[in-house]
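What follows is one structure encoded as structure tokens, with my remarks underneath.
When the chains are written out, they are named A, B, C and D in that same order, and each has its own residue count from 1.
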Amino acid sequence: MSYGNTFQSWRGATPAWTDYTRHKFVERLGDGTLPRAAFLHYLKQDYVFLIHFSRAWALAVTKADTVDEMRLAAGTVNALINDEIALHVKTCAAAGVSEADLFTTQERPENLAYTRYVLDAGHSGDLLDLLAALAPCVMGYGEIGAALAAAKTCDTYSEWINTYASDEYQQLCRDVGALIDNAVQRRLGDNPESCPRWPALCRRFDMATKLEVGFWDMGLRP
Amino acid sequence: MSYGNTFQSWRGATPAWTDYTRHKFVERLGDGTLPRAAFLHYLKQDYVFLIHFSRAWALAVTKADTVDEMRLAAGTVNALINDEIALHVKTCAAAGVSEADLFTTQERPENLAYTRYVLDAGHSGDLLDLLAALAPCVMGYGEIGAALAAAKTCDTYSEWINTYASDEYQQLCRDVGALIDNAVQRRLGDNPESCPRWPALCRRFDMATKLEVGFWDMGLRP
Amino acid sequence: MSYGNTFQSWRGATPAWTDYTRHKFVERLGDGTLPRAAFLHYLKQDYVFLIHFSRAWALAVTKADTVDEMRLAAGTVNALINDEIALHVKTCAAAGVSEADLFTTQERPENLAYTRYVLDAGHSGDLLDLLAALAPCVMGYGEIGAALAAAKTCDTYSEWINTYASDEYQQLCRDVGALIDNAVQRRLGDNPESCPRWPALCRRFDMATKLEVGFWDMGLRP
Amino acid sequence: MSYGNTFQSWRGATPAWTDYTRHKFVERLGDGTLPRAAFLHYLKQDYVFLIHFSRAWALAVTKADTVDEMRLAAGTVNALINDEIALHVKTCAAAGVSEADLFTTQERPENLAYTRYVLDAGHSGDLLDLLAALAPCVMGYGEIGAALAAAKTCDTYSEWINTYASDEYQQLCRDVGALIDNAVQRRLGDNPESCPRWPALCRRFDMATKLEVGFWDMGLRP
């Protein structure tokens, strides 16, 4: 499981990464002890999250420098809106929650803080600033899905786990990792860690990771 | 051929609409008298245009208020990047012009003026401002393709004509027309022409139409 | 004390307005029981807030439709950066906190959520969406300053209170109120409350007010 | 006359710089042979230009990384809106053209292309991309004003010439030059010309310079 060199470097510089990927919410998804109410509450918030996260990936299309960057960002917007969101709609529908209800879910502050931070990273900076803020969600879910699927502790939330452990999602993580590596190489060169902008990109990644932790915390409080 | 009520109203308020849709460049595409060099020059500029036009549709995703608005805008980004641009790449490749060459085409000022105006309409206003600036290109090409296909004067540029006369493209025009009607209804209500913003939206449509005329003028000057 | 008709209407539709303007943090500023540590913690967070709030007013300049709208928004950017921020710098300097320290204050999530929400209101919508999100801070501080100055309970935080009770700040509130009234009239006409967009603008104002409440809550937790 | 190292380097890499700063329009301003009608036509277009150029500087405030960057960008917005635009209003008023007329001047495509390109440079990139597109106007007018004032050929357009030759405007150019040098140093380090982004920044500067040439060309065609 390798999502690229840049991700590896950003991840290594982020102490909060473990807090995020091994959060109590994640553990309970794995061992099935997460209350159903908390899971549904999380799914509803995550639906709203994905709406704004899709907007942030669409913003990436507007900030791309090459056709390849555009294509990958546009493909991700589509995967989010038509695949990942669709899973939420389906799971929630099975639990009696319609998409109209999902769309009007009262957004929690922890949710709002995260997505608006990502969008502002894009508006205030360039594509790299935006990608550094987008990466923790994409790749963290990839790591979490793969780890929980490998552990196979409990079937309760296996549909969720398998979504992120799937070849399709793992490929998305590798594609985004390659997009980031290429975007970094194109703008910062072969030795990006020596660029003055590097610490700022690491801080973006770190902040988004902390906001993921806040999102899981919120998930445990329906 | 109906692309919605709003389009009909904006079109009717725009004297330049005829200058655009019955431009000499269009006539010559129809009767086959357009020099091949002018056509290739146009295709190259149009490739660069579509890159920035796709960015503007991606911006629309970030400015949508509903999931339906997001889905349609995201679908249009994809259609542009993966279908319409692909046609340009294919046609140009057949004429010995690679996509790398296309991407580095020196953008003409008339081209630049148009797409940056559309993007700024989106950044400075809301989704309606952006849609009013996006509409003339989408729907005008639909009208031109349908009219030239119906006239069937000459086969020289039939591949181009059939692209825009195709059921698929005509459906895109109707979908975008419905998106605009719904977006207008949602924001301005049932009687939008009486809203104070209406003249400003008409001016956006009118300006984008004039910039289309400038684009055709440029097309005749390889 | 009147900050315009639109503000009066938005304020009246927002139950959280009282939670915000009569928050425990405000009471303690008035009666001097707010611990100094909480005040300094608040000032540091508010410094970071003002940086991003200034960015949001600068965004308003880019989204104005008239020279008058531009001038007022640009004047507010200046008042924020050169006057209001300067007060924070001065007060903090007296307490041994340098501006460099202020700028690197670790931004709390409640702070981040608020300003990034305002910025996104501007990027996703038009000037009205942005103004509805900007208004609660500007006018709420005007109301709070005036109320605490009138009550004159205690001198401990009188410099802070007098800043917002001052003629200069009260005039800023009236100017922003007039800007909003004119911007609304220009875009929605004489009967704005009947426009389909009105509820969405009220929701923007309401959300920003709730985020103010969250900011005060955070202020009590140094 | 030195406006900083970065400007010097960008200027040196731009063959169009001479076309811009020694354009026939400039010569005729200097020797007084520019027809009054052309000058007034130019002033009206330049008024509209300055509106959008001010918006682009306001965008720079939203994209700044430090308080100093914010202050200088905000100060420039103010100088543009309250000083430079005021000169246009005054000169045009003396010629019987009101500010309301100025604001509704039909924007020429060459004018529109330029400002929307600058705004898009800011939206699609970071502060450096925006500054590279803003620099040619600020510094070019500084060079032109200083050169014409030194030549003192004719008094006809001396008020215009003296505005840009003034200590105040020359200081603005030096301040913007220092802002750019610092912004470059902060993001690209001490050896910016070796960064992969450097050629892209040079292209931004070059394109904006060419759009200045187009603006002068347009000025000669009332």
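Please note the rule applied: a contact is a pair of C-beta atoms (placed from the backbone, for glycine too) under 8 Å apart; a residue touches a chain by one contact, two chains touch by 3 or more.
Quick caveat, the model's predicted, so the values are computed rather than measured.
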Which contact partners do subunit A and subunit B have in common? C, D
One copy, subunit B, sits on the other, subunit C, after a C-alpha rotation whose size in degrees, in steps of 5, is 180
Return the chain pair with more inter-chain C-beta contacts, choosing between B-D and C-D. C-D
As a quick test, compute the distance in whole Å between the mean CA positions of subunit B and subunit C. 42
When the centre of a chain is set as the mean of its C-alpha atoms, what distance in Å lies between subunit C and subunit D? 34
At least two partner chains per residue is the criterion; list those residues in subunit C. 55, 62, 119, 123-124
What topology does the chain touch graph have (line, ring, star, complete, other)? complete
Residue numbers on subunit A that touch subunit C, as the complex places them: 55, 109-110, 112-113, 116-117, 119-120, 123-124, 211, 214
For a test of understanding, state which residues of subunit C touch subunit D in their complex under the given definition. 51, 54-56, 58-59, 61-62, 64, 66-67, 70-71, 73-75, 77-78, 81-82, 85, 99, 103, 119
Mind listing the subunit D positions that touch subunit A in their complex? 62-63, 65, 123-126, 129, 185-189, 195-197, 200
